[in-house]
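Alright, structures below, take your time with them.
Shared chain: subunit A. Partners: subunit B in the first complex, subunit C in the second.
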Partner chain A sequence: MKSRFFPLLVTFLVFSAIYAYCYYHFSSFGSMRVVCNLLRDNAHLGIAAIGMTFVIISGGIDLSVGSVIAFTGVFCALMITREGMDPYLVFAIVLGMGTIFGAVMGVFIYYFKIPAFIVTLSGMFLARGMAYVLTTESIRITHPLYIRVSKLVYIFPDKGRFTFAAGAFLAVLVIGIYLAHFTRFGRNVYAIGGNDTAALMMGVPVGRTTIMVYTLSSFLATFAGIVLSLSKRSGDSTITVGAEMDIIAAVVIGGTLLTGGVGYVIGTFIGVLLPGVIRTYLTLEGSLSPWWIKIVVGGLLFGFIAMQKLLSTRPKLFSFRRQVRPTTVSTA
Partner chain B sequence: MVEMEKQVLTPVNENKSQKATNFKWRNIFRGDNRALWTILALIIILLADRMVSPTFFTVRMINGRLTGSLINTLDGAAPIILLSIGMTLVIATKGVDLSVGAVMAICAAVSAVLINRHEAGSDNILYYPGFVIAIAILVGALCGLWNGILVALFDIQPIIATLILMVAGRGIAQMITDGQSPTYTDETLAFMGQGTIFGMPFPVYVAIIALVVVYLLVRRTALGLLIESVGINAKASHYTGVNATVIKLFVYIISGICAAIAGLIVAGENTYADPHTAGMWSELDAIVAVVIGGTLLSGGRFSLVLSAMGALIIQSLRIGLYISDLHPNANLVVKAIVILLVLLLQSKEFKQAVGRLFKPVLKLRPVFK
Partner chain C sequence: MSTNEQPALLEVRGLTKTFTATPALSEVDFTLYPGEVHAVLGENGAGKSTLIKVITGVYKRDAGTIHLNGKLIEPRSPGHAQELGISAVYQEINLIPTLSVAENLYVGRQPRFLGMVSMQLMNKKARKLLKTFNIDIDVTRDLSSYSIAIQQIVAIVRGVDLSAKILILDEPTSSLDRHEVETLFSVIRSLKEHGIGILLITHFLDQVYEISDRITVLRNGRKVGEHLTKELPRAKLISEMLGREFTETLGKRSNQITNSDSKHDTFLDIKGFAKRGMIEPFDLEIKKGEIVGLAGLLGSGRTEMGHLVFGINRSEKGEAYVESKKVKISSPRKAIRYGFGLCPEDRKVEGLIADLTIRENIILALQAKLGWYRHIPYKRQEQYADEMIEALHIVTTDAEKPVRELSGGNQQKVILARWLVSNPELLILDEPTRGIDIGAHAEIINIIKRLAKEGKALMVISSELAEVVDYSDRVVVLRDRKKLTELTGDEISEDAIMQAIAEK
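Up next is the complex of A and B:
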C-alpha cells in the first residue's frame, strides 16, 4: 500500500468510526432521511470544496470562495426578483462573472507573483463588498423556476428527500474525480503542486494550469452559490461568512496535503460530510452545546495536520511494505 | 559563507545606508523608498477625508474628552495597530497569524467571565480587575505559544498551523462564556476601551506604548536583525548560529499578547464580550496593515512604524467612507482595491511589465534589482 493513500484511509476510518458511533446512539443515522439531509445541507460547501481541492493540490489557496457564494446568491436574487430577468440568463451571466473573477486572480498570482493568500484575500473583500453594495437585506425569490426546482425531489421509502442540491453535489463530485484523476489537466495540477520547477521543465504549462485552477475554483464557488440560492430560494449578503475556513478544513481533513501535490477529491467529500455528521449528532443529542462543532473540527484539523507532518518527515512509518533499512554511512 | 553572511546582513545595511547617506530625490520614484509611499498614501487619504467632511480635522474638547473624526480614527485604529505590531514580527519571519481574531475573542471572553465573578461578590484575589487583565494577557500569550510550537517545533506551515486556532478559537470563546455575551460594569476593564487621559482615548496610549516597547525591543537589541534573518533565509541563519525556533516562538507569543490587549480594548469599548463577533475580520485587517506598510509576505525587512501607519490608513479609509455620502457598505470594496494597488506596486513583475510598456517614455528601471 502506498503511503500517499494513508491520509485518505485515516479519513475514511475516522468518518466510519464517528458515523458508527452516531448510529449506535441514534438509529435514525441509518435512514436515508439523515443521509439526504447531510448531502443537501452541505451541498454548497461540498461543491466549493471540490474546487478548493484542486487549488490546494496545486499548492495554492483560495480564500474568496465564501464571499463568491454569497455574492452569487445576492446577484441572482436581485436580478430575478427586482429586475425580472430570466433565471437561466442570470445563471449564465453570474457563472461568466465568476469565471472571469477566478481567471483574474490566477493572472495576478502567476504573472505578478503575488502570494495566492493575499490575492484571494482581496478577492474575498471584493466579492463580499460587492454583495454588500448590491444589498444588505435578504431578498426572497419566487420565480416559477425556483418552485419547480424545489419540487424536483426523489423521495425514498423512508421519506428521505433527495433534492436537486444533493444531486448537483454528487454530479460535481463525479466530474471532479474525473478531472483530477483521468485528464491531462488533473495530472498537470498534481505536477505543479509536487514541484512547479520540475513541472515547468517537464513541459507542463504551469501558467495556464495555475490560472485554470483558480478559474475552476471560482466557477465552482459560483455554481455553489446558485445551488444554495435554489435551495434557500433567497439571496442574503451575510451568509457563508468564514465558509472558506470550513472548506479548507474539510479539504485538509479529507487527506489533501497542504504543501500540494497529494490529495483526493473523494477525501474532500468525506471531509465535508464529517462536520455535518457531528452537527446532526449534536442536534439530535440536544444537551451538548453547538460550539463543540468548532472545537471538534479544530481538533480533527490538528490531528490530520500532525499526521501529515509525520507522514512527510517519516514516510516509512506509514508504509505497510517491508522496508529494507539503509545501512548508515559514516561520514568522515 | 561570505555569500550567506551577505544574504543575512544585506537588508539592514541597505536600510541604514539608505537613510544615512544615499537619500536622493530621484530615488523617490523608484519604489524602494517604502516609507515615502506609505506616508504619501496616508496623507492622500486624510486629505480625501477632509474633502468629504470639512470638519474632519476639527478637534473639540467636550466634557474633558477630545472629540472629532481624527480622534475617532486614532481610537478605532488602536486595536488594529496592536494587532499589526505582532503581525509584522510574525510576517517578518515568513509566517502569518490567522488566529489573532479568535485570540481576541478568547481573551475578551476570559476577562468578562472572570470579572463577572468579582462583581458577583467573590473575594478571590484572582478576580480583581488587575489580575483579570494579567490573566487575559497570559491566556493570549499561551495561545501565541501554541501557534509558535506548531510553527517552530512541528514545522507546520504558518497559515495552516494558525488556522487550527482560528477555527477552534471561536468555539473555545463560546465555551468559556457558555454561549452568552456576558456584560460587565467594572470600571477598570471599561477604562481599557473607554477611558481618557488628558482627553485622549486610553487605547491610543496603549497602542503607542506597545509600539515603542516592541520597537525598542527589536531595534535596540539584535532581535530585529535576527527576526529578519530568519525570515529571509531560515537555513542560512541556522548555519550562522541563529536559534530560529526561539525567534519564531517569541514572535508568535508577542502576536498573542498583542491580540489579548486588543481583545481587552474591544471588550472594554462595549463593556461586553461577544465571542461571535469580537475580532471578526481583524486578522485580515492586521495583515493588510502590514502589507500596506511595505513588509513583504515573503518575510525579511520589516518596519513596525509603517505597519502602524498601514493600520491608520485602513481606519481613515473606513471612517472616510462612513462619513461620506458614498455607499456605506462600499468599505470592503475600497479596501480590496487599495490592497490590490499596493500589491501591484510591490510586485517586481508588475513593475517590470509596466516598465516595458513605458520604457521609451519614462525610462523606468526595474526596482528590486
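Up next is the complex of A and C:
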C-alpha cells in the first residue's frame, strides 16, 4: 500500500463506521433527505474547505476564510437590498475583491517571507472588520433572483431536496479534484508542500503557485459566502466566526497532512460531512447536548494528528519497502 | 574508456574565484571527456565545492574560461547550467519525498494528454526511463519509501533526462551502504556507456579507485595534479592531498615523555562502539594524562568517533567504562556528568554563542553541569572568567566583551576555557587549531600539552599531521569510517600515518 493513501483510508473507514452506527440507530440516514440536508448545510464550509485543502497541501494555512465568507454575505446584502444593484454585478465585484485579497496575502507570504499564519491572521481581522464597518445589522435579501434560486431544487422521491447550494458544493468538489490531480498547478502545489527548496531547484514556479493557492482559497471563500447568502437570503457580519477552525479541522480529518505535501480533495469532502453526520445524529437523538459535536471533532482531530506524527516519523510502519534488483542486462 | 585524442566535453582553464581577498580557486584547469568519471579530490578548503559551484553557475567566476563542447559558456544559475547540459546531484537529495518516483522524475514537465496531466502516461514514461538504467522499481510509490540510494538514482536519472551531458555528483555515496553503492555504481557505469561525462566528488578513496578513470587533486584552491587513476599509486595520491612528501622527515616529536605506560590509570575504555552509516565498530582506550590523536582524511570518521564518545550520537552497540565502571553514554548531558567535554569543529555553529560575552560563554557548561537552579554568583563567574583569560592568554580588554568581536584563535580559547572551568577528566577537541593564526596555534598546542601533564585525558582530532605527530602519545588512524590501526610512541610519524591510510 502507498503510505500517501493511508490517512485517506483511515478517514474513509472512520466515516463509514460512524455513518453505519447512525444508520443502525436511525434508518433515515439511508434516505436522500438526510444526504441532501448534509450537503446543503455544509455547502459553504465545504467550498471554502476545498480551497483550504490546497493551502494546507502547499504547506500553508489560511485563517481568513471565515471572515471572508461573512464579509461577502454582508457586502451582497448591502449592495443588493440597500443600493439596489444587480445581483450578478455584485457577485462579479465581490469575487474580484476576494481574488485580489487572496493574491495580496499570497504576495506577502511569498515575497516578504512572512509566515502565512500571521498574514492570514491579519486578513481575518481585516475582512471581519470591514464586514462590521459596512453594517452590524442583519440585512434580508428579497431580490427576485434569490427567490428564483431558492426554487431551483431537485426533489427526490423520498422528499430529499437537492438544492442549489448542494449542487454548487459538488461542482466545486469536482473542479477541486480536477485541479489537484490533473493540472500542473495542482501537482506543483503538492511538490511545494513536499519540499519547497527542492521544488524550486526542479523548476517549479514556486512564487506563482504560492500566490495562486491563496488566491484560490480566498476566491472559493468568497464563492462560499455567495452560496451562503443565497441559501440564507440575508447578510450578517456576525456569522461564520471561527469557521476557519472548523474548516481546517475538516481538512485535517480528511487526511491532509498539516506538514504539507500529502492530501486529497475527496478526503476534505468526507472531513466536512463528518461533523454534519454527528450533528444530524444528535438532533435525531434529541436528549444529548449538541455541544458533543465539538468533543467528537476534537477527539478525532487529536487522533488524526497523532496518526500524522506517527506517519511522518516512522513511515516504515505503513509502507513496505521493496528490495531493488538491479538487473544485469547491459544497455545497448 | 577515454583517451586524450577525443575532443573534451568540458574544458575549464585558469578558473579563479576569490571571496573577500582569500582565493578559493586560483587558476584551476579541469578537463572532462565524454564517457569518463573524473574524480576531484582534496581536503577541506581545497576548493572542490567552489569549483562545482562555479561550473553550475551558483558563483560567478572572477577569471578563466569554461568551454562546453568547444563553445564558451557563462552559466548564470543552476537552472541555466541545466539547460546547457550540466546537472548536479548533491548529497542532500533535492527531490520531493511525498511525491511518487514518477512524479519526481517529471515535476515541472508532467506529460499531458488532452490538456490534463496524465498519471498513466507519466508512470509509463518513468518506468521506461528507469529501465534504460537497469532499475526496475514501482514508480507509483512515494519516493520516501525507497532507500537513499534509490532516491539518489532517481535524482541522477532526472538530471540526465533533462538532456544532461555532464553530471556532477557531490558525495553521492556518503550515506549509502556497500550494497547500495554497488547499485549506484552500476548506474554510473551505464551513464558512461551513454557518453555522459561525470565529475565525481567523494572522500572514499576505495571508491575513487573502483569507479574513476581520472583524478584531479586540489589543495588550497590550486590544482596539484591530474592523473589517470590506474597510474596513480595511493600513497602518492594521499601525499598530494595532504601536501606532504613521504621522504621528508617532518614533525619532530617533542612530546617524548610517553605517558602511556602502565602506572597511569585508564580513564575511558570503549569496546565495540558503532553506528550504521557513521562509523564501524571500534575499541578505544584513553588513559589519564594521555593525548590520543585521531588522524585520517576528511570524512574518515574522526569527528563521528568523537560524537559517539560524547553521546551526541548514540552508539548502537558496544560498551563504555569510565574508570572501570560501566556507563551508558546516551546523551551529551550524561557524558558531561561522567566528566567529558567536547570542543566542536565548527566553533561558530556548534560551540560559541556569538552575542554573549566571554564570561557568559565560559560559564555556560559549568552552569549546565550544576543545573539551572543552582546559580553561580556573579562574583564567582567574574573570577572564573578572569582566571581563564589569564591562563589561556585570551586577548581582550575585559571579560564582558561579546565573543563575536574576538579573533578566531581567541574564540577557540574561550571554548577551551568553557570546558576547563567545569574541570573535565576527558576533553575531546575537534580541529582545535583550524582557521587560527600561527601564534595562537602554538599556544593552543601548548595548552593541550599542559592539560595532559595535569593528568587530563585528551582526544584530539586534527587534519594537521605534523601537529598530531607532535603532541600525541598515541595516534588512532581512520579511513572510510573505520579504525585502521593505532600507533604508539616511537611508531608515530607522518610517514607511518600516511602509510597506514594508504594501505589496502
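Here, the second predicted complex is superposed on the first by the 319 of 332 C-alpha atoms of A that agree within 3 Å, B and C clash if a C-alpha of one lies under 4 Å from a C-alpha of the other, contacts with A are read in each partner's own complex, and residues count from 1 in each chain.
Going forward, a contact is a pair of C-beta atoms (placed from the backbone, for glycine too) under 8 Å apart; a residue touches a chain by one contact, two chains touch by 3 or more.
All values reported here derive from a predicted model rather than from experimental measurement.
Peer 1: When the two structures are overlaid on chain A, which partner does A:L284 contact: first (subunit B), second (subunit C), both, or neither?
Peer 2: It touches nothing on subunit B or subunit C.
Peer 1: So, does A:L95 touch the first partner subunit B, the second partner subunit C, both, or neither?
Peer 2: The answer is neither, since A:L95 touches no partner chain.
Peer 1: If you stack the two complexes on chain A, which partner ends up touching A:Y111: first (subunit B), second (subunit C), both, or neither?
Peer 2: In the superposition, A:Y111 touches subunit B alone.
Peer 1: Looking at A:R184, would you say it contacts subunit B, subunit C, both, or neither? Reply first, second, both or neither.
Peer 2: Once the two structures are laid over each other on A, A:R184 reaches subunit C alone.
Peer 1: For A:M202, is the partner it touches subunit B (first), subunit C (second), both, or none of the two (neither)?
Peer 2: second
Peer 1: Which holds for A:L145: it touches subunit B only (first), subunit C only (second), both, or neither?
Peer 2: Neither partner.
Peer 1: Taking the superposition on A as described, I'd like to know which of subunit B and subunit C A:M85 touches: first, second, both or neither.
Peer 2: neither
Peer 1: Identify the residues of subunit A that lie in both the subunit B contact region and the subunit C contact region.
Peer 2: Common interface on subunit A, subunit B vs subunit C: nothing in common.
Peer 1: So in the complex, the part of subunit C that touches subunit A is made up of which residues?
Peer 2: Contact set of subunit C toward subunit A: 78-79, 93-100, 103, 107-110, 112, 116-119, 132-138, 140-142, 144-147, 149-150, 158, 182-183, 186-187, 190, 193-194.
Peer 1: Which stretch or stretches of subunit A touch subunit C in the complex?
Peer 2: 2-4, 178, 181-184, 186-188, 190-191, 193-195, 197-199, 201-204, 257, 260-262, 315, 319, 321-322, 324-331
Peer 1: If we count contacts the way the header does, which residues on subunit A are in touch with subunit B in the complex?
Peer 2: 61, 108, 111-115, 117-119, 121-126, 128-130, 132-133, 136, 241, 245-246, 248-249, 252, 258-259, 289-295, 297-299, 301-302, 305-306, 309
Peer 1: Help me check something: in the complex, which residues belonging to subunit B touch subunit A?
Peer 2: 96, 154-157, 159-161, 163-172, 174-175, 178-179, 280, 284, 287-288, 291, 297-298, 327, 329-337, 339-340, 343-344, 346-350, 353
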